[in-house]
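To start, the structure itself, in structure tokens.
Labels run A, B, C and D following the written order; every chain starts at residue 1.
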Amino acid sequence: MRTGTVVVERFTSKLLAGNRAGDPAERRVPIYLPPSYADSPARRYPVCFVLTGFSGRGRMLLNDNAWSPALDDRMDALIERGAGEMILAMPDCLTRYGGSQYLNSSATGRYMDHLVQELVPLVDARYRTLAQREHRGVAGKSSGGYGALVLGMMHPEIFGGVACHSGDMYFEYCYRGDVPKALTQIQKAGGLAKWLAAFEEKKQKSHDDMLTLNILGMAAAYSPNPKSEPFGFDLPCDLATGAFREEVWRRWLELDPLSLLDPRADALRGMKLVYLDCGTRDEWSLHLGARLFARRLEDLGIAHQHHEFDDGHMNVSYRYDESLPRLAAALGG
Amino acid sequence: MRTGTVVVERFTSKLLAGNRAGDPAERRVPIYLPPSYADSPARRYPVCFVLTGFSGRGRMLLNDNAWSPALDDRMDALIERGAGEMILAMPDCLTRYGGSQYLNSSATGRYMDHLVQELVPLVDARYRTLAQREHRGVAGKSSGGYGALVLGMMHPEIFGGVACHSGDMYFEYCYRGDVPKALTQIQKAGGLAKWLAAFEEKKQKSHDDMLTLNILGMAAAYSPNPKSEPFGFDLPCDLATGAFREEVWRRWLELDPLSLLDPRADALRGMKLVYLDCGTRDEWSLHLGARLFARRLEDLGIAHQHHEFDDGHMNVSYRYDESLPRLAAALGG
Amino acid sequence: MRTGTVVVERFTSKLLAGNRAGDPAERRVPIYLPPSYADSPARRYPVCFVLTGFSGRGRMLLNDNAWSPALDDRMDALIERGAGEMILAMPDCLTRYGGSQYLNSSATGRYMDHLVQELVPLVDARYRTLAQREHRGVAGKSSGGYGALVLGMMHPEIFGGVACHSGDMYFEYCYRGDVPKALTQIQKAGGLAKWLAAFEEKKQKSHDDMLTLNILGMAAAYSPNPKSEPFGFDLPCDLATGAFREEVWRRWLELDPLSLLDPRADALRGMKLVYLDCGTRDEWSLHLGARLFARRLEDLGIAHQHHEFDDGHMNVSYRYDESLPRLAAALGG
Amino acid sequence: MRTGTVVVERFTSKLLAGNRAGDPAERRVPIYLPPSYADSPARRYPVCFVLTGFSGRGRMLLNDNAWSPALDDRMDALIERGAGEMILAMPDCLTRYGGSQYLNSSATGRYMDHLVQELVPLVDARYRTLAQREHRGVAGKSSGGYGALVLGMMHPEIFGGVACHSGDMYFEYCYRGDVPKALTQIQKAGGLAKWLAAFEEKKQKSHDDMLTLNILGMAAAYSPNPKSEPFGFDLPCDLATGAFREEVWRRWLELDPLSLLDPRADALRGMKLVYLDCGTRDEWSLHLGARLFARRLEDLGIAHQHHEFDDGHMNVSYRYDESLPRLAAALGG
């Protein structure tokens, strides 16, 4: 089998410098170059930005597993079986809170701008991409699926195709049930700062730990508030009384893909591919959100593909076998 | 140790006859008579109605466990250690949907009326109770704790003391997160009627099964709708689209103890005892609701006792060791 | 439906008095009398002793559950559907260590003798039984299934029929894997006495707690040693070094039903019924032992029924729907 | 921070060619070169072979995680904090059965020979190692810890230092309890070949799947039998009857580090470092084996370090922070 190459770009972002969360501005961004790249110095390729889920960064897409190939091996195999050749870029938008949702936020940093204004030009400058939106896609899973959809809706001038696997949406279902659980953990720790310090200290992170970090990460992305101490974001619950905070929650809902869709329908209408799928046993009920999203796309007359599969939320990177060949075909032409 | 006696009343309710859920009108109601009862034919006793949690009926309070005594053995031991003697009545308000929440509902039956209008008079007629509200209490755990609070708030002319262990409240936290999970199960089964038939057929009920039944049971209690097929209640989600139904949810919230409290504050103000507790690791986050409820009682100047303990929601019947002696003291004087 | 009656015998055992484990000599033994018993004063009935599993005692067989009837309700329903009427006696052979395996042991007490020499005569004396072995059976589940088999093999002069649901056997598979886990728990607690004191203090028993108690209970039953401090039994592992103790383990194996079978084949050959079943997902792999036992019965030419069902070890009391009618038929004639 | 470099060697083994399991002879072996390597062309370095656990191969040591650095990042950080610079080689000894235990076996291949006769010379030839046993170590976790110990005991002419984290040993405790569970899975699938085909087909591997594969992997490593169909190894249980096979089990025990130790004591006595540790909540009870091994080293007068930590078996790669600096110090001098 012919194999591609991975180059790891070490890159210092100007936009992320001095971010409030204190996360590094230097990032490592792996770039997958397809098998023919080295031998075809004149050829240009479509490019897809692949976004990891919560707690991930690009390098993790290359993690090896005996029964689930790393993204480079997976793409090699797909190309071997007939998929179009495509460059894959794997951004690192990880934050101290487990992620950025690929949004701009005063609490974390300008991650969406970083991706669109820094990484996209960098990749176009250093590699032989087809540097037009028609040939540039974005894909991801879970929070990365959210990022792919939102980048597509907010930056249709940059991306011409979108694939979303088990993406965060319909926040009513996917996050709300975890709010009281996170609240309990934070109260027990004695507040946000103490909770986070203890979390970072722990060698093993428990299920409750990750659930709580997830609520922190979402709050940092969806409800930043520069005046809110200690970290510059509001939680959707009151740490003193325990009550739910509807006014914060409404800010989250504004960034729910289901809220974003109607005003940005034209962005998706202009895509060469809108693909979404989700497992029907998704532990965060994201399949319900995906159905509502697909139904709304249908109502709006936006061409799309919506698939379901019999699985849960975790370890479903095999779904890239569905999206990457479709993206390569849609973006390659 | 001197021991009490349990008599099981077999009783046919007129109020439950012909209920829409098809549940039996004949019920077995165990009555615990304290040790001195048989030997003191002139003596009268306070009485406490003890309400089981979801999926329970009175007889279950007598279930034996090597390390957690049945209610009769527990009361014997408490009296031996100095608690006042008290009659305990254990109603059966179980329904096909796992419970009634001790409310009247067109979908299940008039369980609150049954308790207040049928069982209370029956116990007073057949046993030597002190048959005034000052000497009659109601206690329970989980859905039974909900029932105790609500019966106290709605029928202060009947009950003079209330104890609520890990009671359902702040529905925002305790139920809402389970709605999408129940929805998924019901959709997979092909609708409500098919889901329920399959559930009743299963020899082993899974965690998902019980979670789903719980949402059905709450819908039957909180959002009955005689026109809604097949069972006469509305779910807080749309089975076709999967969307959350805010208008149904608002009906649930009207029956949240936190909503009921303000307009019925005087009912609780007149109690000889208002006791509530909850484990700080409650899996349904009921400790958060209990805190909000206690805080509101405080604001309203209503005397109460609010305790927390380091445990979860299940297998906490040892907490009756706290409530029953307090009730016996408050109701016995 | 016609219903039977439950009488609870309070009984003080002479044989259990002063037992080393310090367990009470007074026991409560529920007796189920079938529907016709009261109205047919001349009629005599077959009797079955029903043995609970580990951590149980007779009264627990009467525990109520919304979807799994208590033993009295279950027997009523079976008789309604045509099963023969039969008296059921529910011994209490619980010990501080969670059970006695219905054996005689210097560490726990003479439970087998208690059952055979005290309880059987008591039931025959007080109730209208058919007081011959042909009409007396023994049944049980898990440790109770073990007890049923062993009582049948060791006392064929008393019992004429045996039913064993998910009974402990092939100790190689069902216990051995838990030995190192129990060892770790005991070592962490600082020894046997400290472990047991902490266990008894705990309001919630964890999975590890019960697993450890189970190993203690089996050691007390299978490898008693009056000289061994503090409790008079040997563990199959060395608490100091952690090494497995083959010589203790061999004592356990002597009481494995698979070891007992060959020398006692005639006892089972003379039974009116030998019934055994097990779920094929039994968490202690007891289905593998049951198959080996059934295969050996086959080789020995002993008539028996061996069934499997698609379930695990817990909450399978519905299997009494299979054994009790068969026992009633075999013992009733 | 100064950072090292990873080079991935693609290497075709002669010794693994044509192995019975059908696994590839071509392997990728990542080599970590420390920060000063590129700038110090005359300098030579000690080298450590780092062995992955079951279901792993060298590349997995480089898997990224937000809170647990990949091996290259970890080594960079250790060197930054003062550890000696050292080359790390990460062999790939994965098989279809999840691993080779780094042994030679007719069922899997000559993995020990491959490592010692092929990889060690390759690394010495291509990189500036200190190519004597005093400067060459072997370390690993779980099955890799087993491999490290066994390579040290069997090839002291090659390795001068050993570190074993949570290594497989005292098979009595770590494997035996899983045999009946694996047996049940294989029987349900209809035999070994069908089980393995179904396993390889599954997109998600369950806990039972991995447990079963583990028993297959150990059988392939410890009890190969060229005549045994279909795969050339014997299981320690009879697939037809379900009985345990003591004669196969004895072959496993011969390869237990606790059996290997006495005859190979001198091999370990000559090591510059013998380090072992284990978490005291190891789910396979490996802490008990480590204690017995350390106790025996003590008795034999072999210098060693034995540590325990408060954790389980999984996700403990942070323990390399303990072993790698010690190895670098011991091998570097």
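The definition used in the following text is that a residue touches a chain if its C-beta (ideal position, glycine included) is under 8 Å from a C-beta of that chain, and two chains touch if they have at least 3 such contacts.
Everything numeric in this text was worked out from a predicted model, so none of it was measured.
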Exercise for the section: Show which chains lie in contact with chain B and also with chain D. Expected result: A, C
Problem - Centre-of-Cα separation between chain D and chain C, whole angstrom - result: 45
Fill in the blank from the handout: Chain-centre distance (mean CA atoms) for chain A and chain C, in whole Å, is 56
Handout entry: Whole-Å gap between the CA centroids of chain B and chain C
Key = 35
Exercise for the section: Could you list each pair of chains that touch one another? Expected result: A-B, A-D, B-C, C-D
Exercise for the section: Please name which positions on chain D make contact with chain A in the complex. Expected result: 55-57, 59-60, 62-67, 70, 94, 98, 200, 203-205, 311-312, 315-316, 318
Problem - chain C residues within the chain D interface of the complex - result: 172-173, 176-181, 183-184, 188, 241-244, 280-281, 285, 287-288, 291-292, 295
